[in-house]
Structures are given as C-alpha cells and as structure tokens.
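By letter and in written order, the chains are A, B and C; residue numbering begins at 1 in each of them.
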Amino acid sequence: MHNDINATVPCIEVRGLKKYYPFKGGRTLRAVDSVDLAINTGEIFGIVGESGCGKSTLGKCMMRLTELTEGQVLFQGKDISSQSRKAIRSDLQRMQMIFQNPYSSFNPKLKISYSLAEPCRLKGMSKPQIKERMDKFLNYISLSENELNRFPHELSGGQLQRLAIARALLLDPDFIVADEPVSALDVSVQAQILNLIADLKKNFRMTMMFISHDMTVVEHICDKVAVMYLGAVVEWGESDVVFRNIQHPYTQALISAIPVIDLDQQKKERIILQGDIPTALEKHKGCRFASRCSHCLDICREQPPQLRETEPGHYVACHCC
Amino acid sequence: MSELLKIQDLSVEIMSTRGLVHAVRGVNLTVEPGSIHGIVGESGCGKSVTARSILRLYDKRYVRTRGHILFDGQDLLECSDKQMQKIRGKQISMIFQDPMTALNPLYKVGDQIAEVYIRHFGDSKQEARKKTLNMLELVGIHPAEVRYEQYPFEFSGGMLQRAVIAMAVAGGPKLIIADEPTTALDVTIQAQILELLQKLQRELNMAILVITHNFGIVSEICDTVSVMYAGTVLETGSKKDVFRNTANPYSRALMESIPRRGVKNQKLLTIPGIPPELFDEIEGCPFAPRCGRATERCRDVKPVLTPQLSTGILPHLAACHHAEGGTDNA
Amino acid sequence: MEKKKAFSAKRNTGTLFTIPVVISLVILCIIIFCAVFAPLIAPYDPVYQDISAAHSGSTEAHILGTDSVGRDLLSRLFYGGRTTIVGGLAIISLSILLGLPIGLFCGYYGGIIDSIFMRICDILLSFPSMLLAFVLVAGFGRGSMNNAIIALGVIYVPGLARLVRSLTLVEKNKIYVEALRSMCYSDLRIMFVHIIPNCISSVIIQLTLDMGYAVLDLAGMSFLGFGVQAPTADWGNMLNEGRGYLMQQPMLAILPGLCIIALVVSLNIFSDGLYRYLEPQQRKLPTFKKYDRMREKALRKAGVKNDE
C-alpha cells in the first residue's frame, strides 16, 4: 500500500483524542479521555476492554462517524479530524469498518450482490473491474456466486461476516476498523473469521484496528495490543511482550477472569476484582483503577499515572509497576 | 444412583412463522443432586429450549413436547398446571441471560425477592424482609438495607444478576437452571457471578444446570457436561472424561476451534459448513455433513449414546459410530 | 416417508390472499372497473336531466330509477365512483408527496428542523381534522373540488410524516446505515436508496388505510357542500342530495352510502391483510390442532395412509 514499513509515518495516528458526551445534571461522560496511539502499516492493533471503556467510541472517532471533542487523528500523516467529512471524503474512503453484528450489517431489503457492488460503483469502478475484484475476494472468503444472489436473512452469521469483510476489502482500504467482529458468532464460526483475518493480513498487508473484549482472541490475532479502562489506555505494547509479562493490575485481573478450558491450567489462584466497573462520569483525580485495585497506594488516589516504558515495547500506566 | 433430574427422549417441536421447528430431537441427560451440570453447544442447538421445557415455560398451543422429564421421580411433562406452579420457584428455579429485563422495573428489588418468601412459605412481610436482607448479604449485595429499597435501574448489570440469583435461590430449590447466566456481562463481572454460583451450590447443596456456549465456563465450574448439536446430545459425561477423552468429533472440533492463551499465529481448527436447518427430519448423524470422518453409515444410521472410556463412576456416553468402545479410535 | 418429509419441509410462507382479502379485492376491482369504464357502461350521461322522468322508481329505462331532476342513478353511481376514487387517490398522493420527505429529513437529521416540523405537525393534529379542512377550504375559496382535495391532502400530511419519521429513526440506528456511512455514502443516497425501501411496507399499509379515510372525508365534505359541487356526480354529493327524499325514494341516499361503505371497508380489510403479509411477525401462527389437521389432509392427498 502507500507507506514504506520503515517510514516514520504510521498508517494512522491518534493524538490526545477526547470524546465527551454531555450528560444529564450538567455532568460529562468521558467516553474517551486522552488516548494516543499509532498503528503502523501491515499491523493488527488490538484494543481490549470491558463494556463502557470507550473502545468502540475510539474506533468511531477515528472513522469520523462521531465527532471528537478534542485531539487529532492523522491518517498517513494527514490530519483528518478538523476538516468536514466532505472535504476528506477521499481519505475516509480508504478507511473501512466491520461491525459486531453481521445480521444487521447489510440492508435487509437488498441482495448481497447489490450491497457489495454499490460502494465500488460509487467509487467509480467499472463493471468488469468490480466483477474481477469480487471474484477474487469471493474465492478468498470461500463463498460462491450463489450466496451473492441472496438476501441477508437467508445467510448464516458466519457467511454474512465474511461478506462484510469482503465488502470492506473490495474498496481496497488502507485501514480497517473491526469493531468486535467475532463477538456475535459461535466459536466454530469465530475460528473461521479469525483465520480469514490472519490470512488477509499475511497476503495483503492489511492494517487493522481490532476492537474486542476477548483477551484470548486479541492475543491470538494481534501484533500490538492496548488495554483500555474507563476511556484511557492503561497498558499497551507489542502483543508478544505484553502477554508474556502482564504488568498492570487491571490487565492481570482481566486475564485471570477468563474461564480456562484446559483442566490442567486451572489450578492457579484467580484474581477476582471486587465491585463494579465505575462509570466514566466521575472525574478521576488519581488512577482510574484505584477503586478496584488490590495494590492501591496513597499516590494512586492522588496522582494519575502516566504511560511509562517498563521494558522495550511495553508501556504501562501504573505507579506500582 | 438417584438422579435429581432425568430427561428421557425429550423432543420439542415449536411452531414458527417459517414452519414447524424440531428444536429438540430426543435429548437424554441426567443431573445428579448437588452437582453442576453444563449443557454446551452453539446457537440453535436446542440447549435453551431444553432448559425451558423443564419448567414448561412455553405456550402450549405452539409448542409440543414428547418424552419424559423426571424430577425427583415425578414426570414434569405430565404434571397439571397447578402442580407446576408449586414446583416453579420452590423446587426448580431459573436464572435468565439478561438481568436487565429479568426484574420488574416498577418494584423495589428487595420487595421482589421478599415476594418469593411470602408466596412459597406464607411468611409475613416482616419475616420476608428479614430473610431477604440475609439473602442479599449472602449473594454479596451490600449494604443490604440500602439496596433493598432500590429499584432495578439503580443496579448495575452484575448486581442485578446477583439479585436475580437471590430471587432464584430464595425458594430453596433443589435445582437451578441458569440459561447463559453471564453472557450479557463483562469478564470480570462474569468471574464474580461464577464464583457466587459455585459458592451457593456448595453452601446450599443445590444442583445447577448451566446452559452456555462457552466451553471455558463449563470447564471451570461444572462437574458433568453434555454437548448438544442440532437438538441432540452428542456427548455426555463427567467433565474430565469429556474434556480429556473427548469421544465425539464435534465436541473435539469445537474445543479445538477456540483460541488459547499463549498459542499464537497458529491456524485455528474450523468446522466446514453450517449447522442443519431444524425444519426437516435429519437422517443419520446430524453432524455427518460437516464431519471429516463421516462414512456411509454415519449418513444413514443415527448414532445413539454409547458408553465410552470412563475414568470415574459416572458413565461417559457419546453418540458417534467411530467412537464405540473407547479411546482406540480417538 | 418421502411424502411426510415433503409436507414438513413446506414452509409457512404466508399468503396475501386470505378469504377476506380476496372478497375485498373483488369488491375493489368491481368498483374500479365501473369507475374506469363508466363512459362505456353507463347507460346515460350523468348530468343529463330528463325532467319528465324525475323521481321515477325502477323502470326499464332507468334500472335504479332517477333523482329529483331526472338524472339516471346508475350512471351517476358509476361516474360518482370515478370522482370519489380519483379524489381519494389525489389526497393520499399529495400527503405522501409532502409527508415522506418531511418525515425522512426530520427523522434522519433530527435537531432543530425536526423540532420545528414536528411542532407544526402537533399543531395541525391538535385541531379536529374536518374543521381544519373547512378552514382551509374557506381560505382557498369554496366551490372547487381541487381545493377540497388540497385541504384534505394537507390534513393527512402530519400523520404520515410522523410515521415516516419514526420508521426512519428506527432504521437510522441500525448497523447497516452506520456501515453505509462508514463507506462515505451521501446522506441523500442513504435516505432514498436504503432507508425508504425498508420503511415502505409500513407506509403502503398506512396509505391504503388513509385512502379509505380520505374517501370518507371527501364524501363528508361533499355532503356538507364544501367538496364536489353539483352537478358533478360524487357519492358524498349524491348522498346529500338524496337525503331530502329519504321517505319518498330511499334508494337515492342508500345506494351512494352503500358504495362508500363498500369501498372504505374493502380498503380497510385489504390494508389489514397487507399488514399481516408484509410484516411476518404479525402473522398468526397455526396452533398444533390446526397444523395436525392440515398435515393429515396433505398426507391423505398425497396418498399416504395414516401411518403414525
């Protein structure tokens, strides 16, 4: 695609992104609160967190589907956060999105073939061009023409999600945001989709932001990972490095909470977080996680921790690490 | 051995706008008293329908059941509606997937739980309140006095699920059916709820029937497991047997298609094809069209549950023509 | 075995043509046929006055008799159907032409435009509709059928706009619309190519229902002298004229009245059938009792003996 891997310009970069929603009672919901991240070309960047941590909002802000409150989004070095959507249309067209629920990702009244071809036509591709591209990707997602001539309700979730991926790829995007693309699917189908994404990454050097609540899935597929809690990144880095040595207490709890299938691996002591996830309404003076953290020190309640590089390629926002 | 719940050849047909759905086709399973049994399977395999038929939570005009559901030796499918009323909540109770809609938003959470005591034990209001406060403490809703007076919308999802569990436990049931109890919750909250269920099961010596699509949950909390596919049980037995000496190709394929911690950049195993539609009769093994080992026999003859290698006292059964006799074929 | 399979595999796809719908369609077809081919099948000119034959009962020349000025009742009924149907169609066309875009834009964009239009709709809806129509007709000038149609058309806009708006609000929040937005579709394209087809079935159902009411309202206006003016034949108008002779010649009032009822009831039943057909969730499921009967019948037909 457009960038050299060694070039210093990442595919997409987010600087100090904030998204606040006004809330009743004059309060503000800090859905995303100062997030910085950079995704390089050919990378799958995982964003993990529980519901309400702002991971989906972050994705939508980057796609300009919602307006951001503050901060910058740089797409291939170009600021796409300040101009109107119309002015940066050609840039936005090079970014695509895949959604959680494949059943409602397609217009129910239109045949799949139309839903797939329409965006290409609007982009100015000719009919034979579209046909050629479609054949190429259909082969990839192991579906046939037969499925194309049906309506969304006649297909299974797995087929639809593969088609949704194909629709995104048909436009030859430089960046894809996948918002929980496998959460609504059964495990066997989830495996198909994950394999497909891994394949595509290898063959097309696809750049993707993979939003998920499932640690194991993210570990399986992502090159880099960022863990979000209440609108901020608490730990991020190379996925290999991070998962080998998880440092932030929240990430540790998150990993520990996952039910393990292998009977032999279950003996370890489990960290069970007490209490609920607080809402992002309150302004946090210190560390956001302080109220649920078992290692909480005095400083944690006073001063918000900054992201620090604790080992090469591993950043943690915690006073204790 | 005296089973608490024994489902025999249960089949359930449901009328839908698209036709008659044979959602459950001859399910056999047993739940021992004081144990946790997990039914696991993908969406549409009939696990929820099975659970709902136990309490007969369906409209008789559009749902038809055959077979037997023996609870303490009594066939629930033959009980009168009045008898069922007495069993629901007191003998068997249910926890649903979405805690947000499981409670009536117009009444105080505490009063809704107290209602169970008033209904099933004829307690006075004061007594019921006292018991409810104890129950709230037991399921970890603190401070009970304050929480008693609150309405469902003031609770978070995890807290609500605790309240729902409190309500289910209040009648002192011998069996709790938990239909995807943690699917709507976050992982850290899920861990809390699973821990709570285990604790209650130990302390109150109830049996729990957990319906889930998550193999991890089954493996963490269940004693015995049944794997369902297309309305039938393909494998059942103690957790150890099912997970270690997996005899059915479908169960094995499902387990291997889940990404595991610490394993990276490895292709996940996938199951080709899609589950069969449940409108028609299925001849032979329901998994045969997607199974790599399917033979002529699999396509023609429906396999029945047969004993497999078992490491404990509980039988390990699997329905597969290739698995008879134990591990030599596995 | 094979036959049994064939039956169970038959999906209940639902049919539009249930018995009430068929009956209503037949009635509608007869009315429309008579209206369209009125010049060919009507024995007389509807405004031709044969004073000598005034107030004749059923005779060989005038099957249904004549009115006070000797116009043939049958011919006037045929031509009256024309006016009534054209009037009804014009009213709902006008309302959809205005209501659909207003509802669509308000629902899609929301905000201040939405508030303004919806308040206007609220105001219009807070008046009794006929009264409002009278005021409008009085404003436009009485005595022309077109003015009555415009007035009634305006009356039907708020209801339709609100329906379209609420449907748009539902569709707008569906993921496929967000997906289209993420692919940089223009708002107009999303609205007109993607949202409209998804709410059109509800709109059509509402329109058939509105058509019935519009016919009724137009007849009412004509009856009160605000709508179609004499000597043009119109069922409402004819009802009004026949009213004076209810004792002497009741058919003059009864027949146009019956025609109106037939048209409106048929439209209502048809609309209801359409609703059940287009919105499958609303379809009634057969109970097992009924299903078993159907199944047995199908099996017997297929020549399979009851083998269960």
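Criterion: a contact is a pair of C-beta atoms (placed from the backbone, for glycine too) under 8 Å apart; a residue touches a chain by one contact, two chains touch by 3 or more.
Small disclaimer: the values here were computed from a predicted structure and weren't measured.
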The chain pair joined by the most C-beta contacts is A-B
Where centres are the averaged C-alpha coordinates, which chain has the largest centre distance to chain B? C
Can you check how far apart chain A and chain C are, centre to centre, with Cα atoms defining each centre and the answer in Å? 50
Rounded to a whole Å, what is the gap between the Cα centroids of chain A and chain B? 32
Chain B to chain C, mean C-alpha position gap in Å, rounds to 51
Contact set on chain C toward chain A in their complex: 174-176, 178-185, 189, 194, 197-198
Chain A contact footprint on chain B (complex, rising order): 42-43, 156, 158-159, 186-192, 194-195, 213-217, 219-221, 239-240, 243-244, 253-255, 257-265, 267-271, 274
For a test of understanding, state which residues of chain A touch chain B in their complex under the given definition. 50-51, 156, 158-159, 186-192, 194-195, 198, 213, 215-217, 219-221, 239-240, 243, 253-263, 265-266, 270, 272-274, 276-277
Taking the complex as given, what residues does chain C use to touch chain B? 4-5, 8-14, 280-281, 283, 285-289, 291
Mind pulling up the chain B residues that touch chain C in the complex? 13, 15-20, 61-62, 64, 279-281
